[in-house]
Amino acid sequence: MNLPVLKPADFASTQEVRWCPGCGDYSILAQMKKVLPEFGVPREKIVFISGIGCSSRFPYYVNTYGMHSIHGRAPTFATGLKSTRPDLMVWVITGDGDALSIGGNHFMHVLRRNLDINIVLFNNRIYGLTKGQYSPTSVEGQITKSTPMGAIDHPVNPLSVALGAEATFVARSIDAYVTHLGEMLRRAADHKGTSLVEVYQNCNVFNDGAMAYAQEKTQRPDNVIELEHGKPLIFGKGRDKGIRLVGTKLEVCSLKDTPIDDLLIHDEKDPNPSMQMMLARMRYPEMPEPIGVLRAVSGVSTYDDQINQQVELAKSKWGVGDLQKLIHSGDTWVVS
Amino acid sequence: MNLPVLKPADFASTQEVRWCPGCGDYSILAQMKKVLPEFGVPREKIVFISGIGCSSRFPYYVNTYGMHSIHGRAPTFATGLKSTRPDLMVWVITGDGDALSIGGNHFMHVLRRNLDINIVLFNNRIYGLTKGQYSPTSVEGQITKSTPMGAIDHPVNPLSVALGAEATFVARSIDAYVTHLGEMLRRAADHKGTSLVEVYQNCNVFNDGAMAYAQEKTQRPDNVIELEHGKPLIFGKGRDKGIRLVGTKLEVCSLKDTPIDDLLIHDEKDPNPSMQMMLARMRYPEMPEPIGVLRAVSGVSTYDDQINQQVELAKSKWGVGDLQKLIHSGDTWVVS
Amino acid sequence: MANILSESGSGKTVHKVTGITVRMCGDSGDGMQLLGTQLTNTSALAGNDVATFPDFPAEIRAPRGTRAGVSGFQLQFASEEIFTPGDHLDALVVMNPAALVTNIGDLRKGGMLIANEDGFDEKEFKLAKVDANPLDSPSLNENYRVFKVPMTRLTRDAVTPFGLGNKEAERCKNFFAMGLVYWLFGRSLEPTSRFIRDKFAKKSPDLAKANEAALQAGWSYGETTEAFGLSYQVEAATLEPGTYRNIMGNPALAMGLLAASQLSGKDLFYSTYPITPASDILHELTQYKNFGVRTFQAEDEIAACGAAIGAAFGGGMGVTASSGPGIALKAEAMGLGVMLELPMIVINVQRGGPSTGLPTKTEQSDLLQAMFCRNGEAPLPIVAPQSPGDCFYMAIEAWRIAVECMVPVILLSDGYIANGSEPWKIPDLNDLQRIHISHPEASEAGEPFLPYARDEYLARPWAIPGTPGLMHRVGGLEKEDRTGNISYDPANHQHMVNTRARKVSELANRIPPQEVFGDASGDVLLVSWGGTFGACHSAVRSCRKEGLSVGHAHLRYLNPFPANLGEILHRFKTVIVAELNSGQLRMLLRAKYLVDCVGFNKVQGKPFTVQELVEAIKTRAPKG
Amino acid sequence: MANILSESGSGKTVHKVTGITVRMCGDSGDGMQLLGTQLTNTSALAGNDVATFPDFPAEIRAPRGTRAGVSGFQLQFASEEIFTPGDHLDALVVMNPAALVTNIGDLRKGGMLIANEDGFDEKEFKLAKVDANPLDSPSLNENYRVFKVPMTRLTRDAVTPFGLGNKEAERCKNFFAMGLVYWLFGRSLEPTSRFIRDKFAKKSPDLAKANEAALQAGWSYGETTEAFGLSYQVEAATLEPGTYRNIMGNPALAMGLLAASQLSGKDLFYSTYPITPASDILHELTQYKNFGVRTFQAEDEIAACGAAIGAAFGGGMGVTASSGPGIALKAEAMGLGVMLELPMIVINVQRGGPSTGLPTKTEQSDLLQAMFCRNGEAPLPIVAPQSPGDCFYMAIEAWRIAVECMVPVILLSDGYIANGSEPWKIPDLNDLQRIHISHPEASEAGEPFLPYARDEYLARPWAIPGTPGLMHRVGGLEKEDRTGNISYDPANHQHMVNTRARKVSELANRIPPQEVFGDASGDVLLVSWGGTFGACHSAVRSCRKEGLSVGHAHLRYLNPFPANLGEILHRFKTVIVAELNSGQLRMLLRAKYLVDCVGFNKVQGKPFTVQELVEAIKTRAPKG
C-alpha cells in the first residue's frame, strides 16, 4: 500500500506542551517528531507508553495512540500490548526515577526478555515533577531537596544496568546534540528487540547544567566521545585524543605519541557485553563519556515473537482448540 | 569482653526443619551453622532476614534474631534495620525468584548502596515453594508447570546483574561443595559492604540435577573453574586446562600447548568490573562456570556508615537539636 | 446412614445406605490424593452425587511421618443431592499414627477406623509424637469399629511376581487400600484399573500390573477374609439428566475463560505471577495455547496487572489472577484501570490472611479489600462463584460485564472451591449467550473522536491502536468528560467520579435478581456468598426439614448488589450473614440497608460444617 | 464586613471591619505565594486570626500567562476567631488576564478588583484565551469596584536607582502589589522589609533595596494617589494568651514527629518515596539530622514501608509517608506489620483520586483504603488531624498508640491542611506527656521467651536484637499464640485474628471520648473528620447564631471510634456526615451504629465553603 507521506507537524497533538521553558524535553520531542515520519509507519500503528514524571507527559504531545500510565511500570503495559499486538510500533518514554528507581525491576526484565520495543530514558539526574529530590543517577554528594547534606548513594549507571541485563541495544545521546539524538532514535527504531536510548536531558529548574560538560557545544568535544562501530575511539576538539586498552584497563592517550592502530576499535556487535561495559563505565571528568550505540546485537529472539510462535505451533500441533471436546475430557457419565 | 565459645549446635533453633528430604538447602544451613561461631559475634547480635520461598524458611532454623518477611522485599527490611542498628550482623537469605523476579529492584538498589550486609542467594533455577514454575534463572526452553512448551525468556545471570549494579563483593558457590561454600560464607562475612554469594542449590523435587554438571564431584572439575585472586585460571580433572584472554575474548586452552604465563590472572580487586563480568558470563557447556570470589573491592563507603555519619556531623555542626527553639523559629508573636 | 439389610454373594451382609462420608489420610508420600480422586470418579460414574475436600500440608514435602506431613482427602457420595463433603466421617482410613491422631476427632461415634497396622511401629510413633500405639487405646476401641489391616505386607506379597524393589512395592499400598475401600462400598474396580493402565502401562508395564494386583488384593481381602463382616451400598442419585464430569474450581475457571474468549471472539491474555492457590489456573491455561491463549508469567503481580491492562488497550482481553498478598500489589494498577475504563478481570483465589497468613487454607476475608483497596473513589464490579462448577459460569459473567461496561471486574474465588470438586453437568456451548463487542471506526464526517463519550451503559468506546483517525491518549490523571483530555476542573471531577460510580451501581438493574431458596419470608434469612454455598444450602434444607421458617439468599454478585436484595432482607425477622471472615459482607449490608444483620463468622482456615450452621440458625432464630 | 467609619492621616476614610478575605493571583512566576505568606505573617503579627489557602498549578512551570499557569493565594484575617480562609472574596488582586478570568467568579458583588493593568495586553489576552480586554467589560465594572494600577511601570520607575536589568526590575512588582495591599488594609511594612533584608541583602544588596523600594512605592501609591478613596482596618483578635506562630500542616507533622521522638526517647527513622503532597515532610525532616533523624529516600514505596518495619524490628521508630497511589503500594508490607505487631506510623497526605487523579488538589477519599487495603482481617488504628496545627498533636498521638499497642498506626492528613496555614499557639514541650517504652530483658529464671505473650493492652513485648536470651523469629505466616511459632491450628488462627482485632477495638476505651460542639442533642448533628474541621465548625456556629439546634462532632479518631460516639449519634433527629469523598465515613457509621446518616459530599479537589455547609444543614434539618 502507499502511505500518505507525513510531516513532523502531523505528529503534533492538540494538547499544549506543559514543560518549563528551556526544559531539555522540548528538544527530544522535536527530534522524535522529526524522525517518526521517516519510518513510514502510519500514526495509528504507533503507541507511546510512559510512566509518571515530567518526561512521562510526552505521550500527550504526540498524535499517536498513547498511555500515560503509573510510576515506573510503563514496560509492563508495553509487554501486554506488544505481546498481543506485535504489529504495533511501541515506544516507552521514561525518566531516571521512573525507570531506575521505582521501575528498576520492570526495566531489567523487559530488557532481558528482549521485547521488541524502544525505550527512551530521559536522564536529568533529578526528580523533576516532584520538584527536585535526588534520583538514582544523581551524583554522590549532590545537594537536593531531599539531600541537604549531599546524596550518599552510589549512582546507578543506566547503561551498566542494561548491559548487566544483557540488553541487545544500548545507546546514549544528548538533548542539545539534536542531529546525534535523531540518529540514535532512528537506530533504536530499526533494531529488532528492546532498544534503550539514554538521553542526557537538562532540567533547567532543579538541576540546571548538571551535564553541561556534555551538553555545551564548546565543552562536548573534550568530555564526550562518539562511538562508531568498527572505528577507533577518537575524541577531543582537534580529534587529537584517543582511548586504548592497556592490559584490562582503558586509558586516554594523545594521538601525537600514539599511532591510531593502537586505539581500541569499537565493536557494537560483540555479543559479549564486557568491553561495552568498560566503555559504559567511562565517567567525566576522569574519562570522556561515550555517546552513540554501545551495543547492537541482532539475531536474539524477541519475547513477542516467541509467545506468538508458541501459539501458532500449538495450533499446528494439536489443531485449533475444540472447547466442546475439552470440557468433555476425563471421565464423564450420562444421567438420563 | 570474652565471649562464650559457641558451637554449630548453639545456632540450631527449636523448630524442626521442613525442607524436602534431599533438598540442597540442608547443606547450606549446615555450612552456615558451621561458620557462624567463627565470627565471634554473639547470637543476639546476628539477624537473618528472608523473603518468601523454600529457601526463605531459613531464618526459622537458626537460633538468632530473624524475620521471614514478604516476597522479594528482604533487602528493604535489612536496609531499615542496618541503617539504624549498624552494630548488628545482618544476613539476607533469598531465592532466585525472590531476589531476581519480584525482588530485582531492591536487590539492585541494596547492592549499589553498598549496605554492609551479606546476601545468600539460593539459586535452584525454579520456584520451589509454589511447586515448580520457571524462574528468571531457568534456562531457555526449560519445561516447567508454567512453560509446557519451554521457557522463552532469556535467563538472568545473577552475577552479571550484581556487577552491573557495581556490587563490591560478588561470589558463587555450590551446595554440595561444602568446604568451598563454607569459605565463601566466611569471605562474605568479612567483607565490609554488601556481599552477594550465589549458591547453586539443587531442588530435587522440581528441578533435580539441573546443575548436576557443577554439583557432582566427578563432573565438577571439568565444568567449573575455581577463581583465586592473583592466580591463573586453571581447571580440569588433571588441572590441565586454562582460560586466556585473546583480544577481547576469553577462550579455553590446553596447558599442554599453552604456557601458564599466557593464562588470565584473576583480579578480584579490580575496581572496574568489566573483566569480572567477562568471567561471570562463562556458561556451561561452552565454558567452565566460575565459582569463588569474582569481585571483592574494599574502601567503598557503605550506606549505613554514611547515614549515621551525617547524623553525627549535623550534631557536631549545629549542636544536638533543640526542639523548643525549633518550634519557636520564624515570626512569632505574643498574645496576652 | 439408613440401614436396609441384604445379602451379598459372599454371604456377607450389605447395608444399603443413602450416603457415606469417608476420609483417607496418610503421609504426603502415600498417594492419598490419588486414592481420593479415584474413589470420587468411580462413585460419580456409579451415579452418586459426590463432594470432595482435599487437605494437604503447607510444605512441599513435609517431613515423613510427622503430623505436619499428613495429607487427607475427604469425600461424601450419596444417593441424594448433596452439597458438601460432609461434616462427620462414617469411615476413616489411616496409613500411619500421625494420620490417626490428627483426624480421629472427626470420626463419628461408632464409625469405622481402617488402619494400615504395618504403619504403626516405634519409629512412626516417635515421628508422630505419640508415646504408645494409639490403636491399642481402649477408648478408641470403645468408640469406633477398628479394623487393623497389614496393608504394607499384604501389598508386598501381592506384587512380588512383578519384581519391583521393596520401596516401589510398598508404594503400591495405596492401591491396596483403594481396593479394600472399593469392596467396602461396593465400587467397581474397572475405572481405576483403566486409569492405572493409561497412566503406567507405557512407562512401566510391571508397575502397572503391580498396582492392579494391589488393587485386586485389597478388594479380595475385604471379600474373603473374616475381618469385615459387612459392606455398604449407595444407590445412584437422581440428578438432572445430562452428561456429567467431576470438576474442580480452578480448572472450571480456566475453561470458563476459554468459553468467554470464544463467545466474545477475543483471544485471552492471561498474565499472572505464581501464588498458591491461584497458580493452578495458570498451569491449566498455559496448556491451551491452541485456543489462542497467551500466558505471561510476569516478574511480579504489578507487572502482571499492568500487562493485562496493556493487552486490553490493544483490544485483547487481559485477565490477571493472584491470592493473598499478591492482590494487594495490584491495587495501584487496578486504580489506573478504573481511570482508563478498559475491560479486564482480576481474579482473587482467596486464602487465609492477613499477610502470608495460611497459604493453603481457605478464607473469605478479601471482600472489603476488593471493594476498597484502591486510593480515591474507585468502585469496581465484584462477582463470586458459589461452587467449583459455578466458576465456569462466573468467569463468563465477569468477562461479559467487563466488556459491556468497559471496566475491570473482580472475581472472588477461594481455596475451598478452587481445589474442591463436584459433579458438573457439562453445558452445551451453543446454549451460552454470545458476548457482543464492537470497536469504533473513525466517523465518515470526520468529527473529532471522543474517547470518553458514553453509551447507554455509560461505557466509553473501545477504540484500539491500528484504527485510523481514532488516535487518543489515556492516563491516570482526571480526564475531561467526553474528550478525555486532562482536566483539573472541579465540576468535571465531580461528574467523572459520579459517572464511574454510576456505571457500576446501575449494573444492579441488569444482573439477575437475587433468588431466595426456601421460605420467601419469615423467621430467618441466611445470607452467604462465594464458596460457602454448599454448607449453607444444606443447613437451610435440614432446618426446613425440621419445620423452621428459613430462607437462604446466596449472593454471586457482591458489587453492586442485586436490585431486589434490600427488599428481601426486610422480609425476615432475623438476617444471619454467614462468612469465613469477621463480618465483611455483613458490614456492607448493614451500611447499605440499615438492617441489623447478625453475623455467623469463622476464621479458622476451614469451611463451615453443616451442623454448626444449623446450630447457628437455631440459636439465632427469633424465640417463641 | 461591618462598617465603622473613621478618618486616616491622609484624610482618607478608614473602614473598621471585622474581617477581610483577599486573594492574590498571577502567573506562577509572579511570586504570589510569597506575597500571600508575607501578608499572612504580617496580619498574624498584627494580632489578627488568619487562615490561608494556597492553590498552585499542577505543572512545575505551567506555560506563562495561560489559565493553567495561574497561581493563587487566599487569606482571611479577622478580629474574631475564624476557621477557614473564607468563602467569598472581599478583594481580588490579579496580575494578568488569566488570573482575572479564572478567579473573578469568587469575588463578592461590590468587592474590590485590583488589577495590574500593564499585565493586560494583546499577548496576554491570547495566552489567556480571551478575545477582548476583560477589564473593559461593562458587567465587570457594574458588579465590582475595579482599580486598574500600572504596577509594572510604577515598579520599574521605583527601582531604576538600583540599576537592575529590565526583567529583574519587573520581578519586583509583586512587592509593589504587596505595598499597595498593605496600605489598603493598614498593615505595617516592617516585618516584610525585615524579611527582604534577611533574604536578599547578602546575595544582592541592590535587589534587596529594589524590593523594599517597590514595597514602599506600592504603599505610597495607595496613600497619595486619588485612586483609592478609602482603606480598611481590622483590629486584633482576642486569642487565647500565649506565643503564636503561623504553621502549615506538613511542617507541623514533622515537628510533631520530632516531639514524639524526644518524648519517647527513640530516634526517628523516616523512610519514604517522594510524592505530592507528602514530600514536604521529607524536605523538613531531612534538615533535622541533628535531632537524630535518619531519612531514607527509598527506591519505591514498598521499600520505604519495608525499611520502616526493619527499623522497628531493631528498636527504632519507623515512619513512612506517601499520598495517592503510593499508599496502595504499601498495603502488602502494612499487612506484614499487622502480623509482626511492631510499632510504625504510615502517613497518608490525601490528594484527589483515583489513580494519579488530581495530585495537587485535596480530597478525603482514602479512608476506606486505610481501613481495608490489606488482604485478610487486618485492622489498624487510624487517626486524622483536624487542622494544620493539629498535625503536631496527632503525630504524637499516633506514635503513642503505635508503641503502646505494638501496631502500625495510620495517620490521614490531606493536601488542604498540609499546605494551608493557621496561627498556632506554640506549646510548652514540658506540658506534653512522656511516651513510655520498655524493652524486655531475658528472665533471670531463664524461662523461655514468649514473643507473642501479651500485656493488658494486648501488646506483645518489643524484644530487640542485641538482647541476650531473647532471640526469636517473626514472620507473615500465622503465629501460635504466645510462642510465635508457625501454626496452622484452626482454633489458634481464630484466636489470633480476634486478638489482633481486639487490640485495636479496645483502644476505644483509652482514647478521649468524642466531644460535641454546640447542642449536645437536638435537630441536626454535623459529623466530620480531618481537614474539614474549620469549614464545618464555622458552618455550625453560624447556623446556631441563626437559632438552629445543631451540634458538631468532629472525629480525630477513625478506628476505633470513641466509645461514646454511637450514643451521641442517637441524640439527634438528623445526622449529616460531611466529607470530601462520596460517603466513606458515612458508610462506616451506618454499618456500625445503624443510624440513617445522610451524606453531604463534595469531590471537586476543593475544600468545603462554609456557606454550602450552612445550606446543607438547613435543607437537611428536620422540618416543622
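Going by the order they are written in, the chains are A, B, C and D; count residues from 1 in each one.
Simple rule for what comes next: a contact is a pair of C-beta atoms (placed from the backbone, for glycine too) under 8 Å apart; a residue touches a chain by one contact, two chains touch by 3 or more.
Predicted, not measured: the structure shown is a model, and the values here were computed from it.
With chains reduced to the mean position of their C-alpha atoms, the one farthest from chain B is D. Work out the mean CA point of chain A and of chain D, and you get 40 Å between them.
With centres defined as mean CA coordinates, chain B is found 29 Å away from chain A. Taking each chain's centre as the average of its CA atoms, chain B and chain D sit 45 Å apart. In chain A, the residues that reach two or more other chains under the touch definition are 52, 70, 101-102, 104-105, 109, 136, 149, 307, 310, 313-314. Contacts with at least two other chains are made by residues 68, 289, 299-300, 325, 332, 336, 355-356, 475-477 of chain D. A complete topology is adopted by the chain contact network, contact being made between every pair of chains.
Chain A makes touch with chain D in their complex at residues 16-21, 52, 54, 70-72, 101-102, 104, 127-131, 133-134, 136, 145-149, 205. Interface of chain A with chain B (complex): residues 101-105, 108-109, 112-114, 136, 149-150, 152-157, 160-166, 245, 248-249, 267, 270, 272-275, 277-278, 281, 300-301, 303, 306-307, 310, 313-314.
The touching residues of chain A, counted against chain C in their complex, run 13, 15, 42-49, 52, 59-60, 63-70, 73, 75-85, 87-88, 105-106, 109, 307-308, 310-311, 313-315, 317-321, 323-324, 326-336. Those residues of chain D lying in contact with chain A across their complex are 59-64, 66, 68, 273-276, 279, 282-283, 286-287, 289, 295, 297, 299-301, 325, 355-356. Those residues of chain C that touch chain A in the complex are listed here as 41, 44-45, 47, 191, 239-246, 255, 258-259, 262, 267, 269, 271, 288-294, 296, 298-300, 302-316, 318, 332-333, 336, 340, 426-427, 429, 465-477, 485-486.
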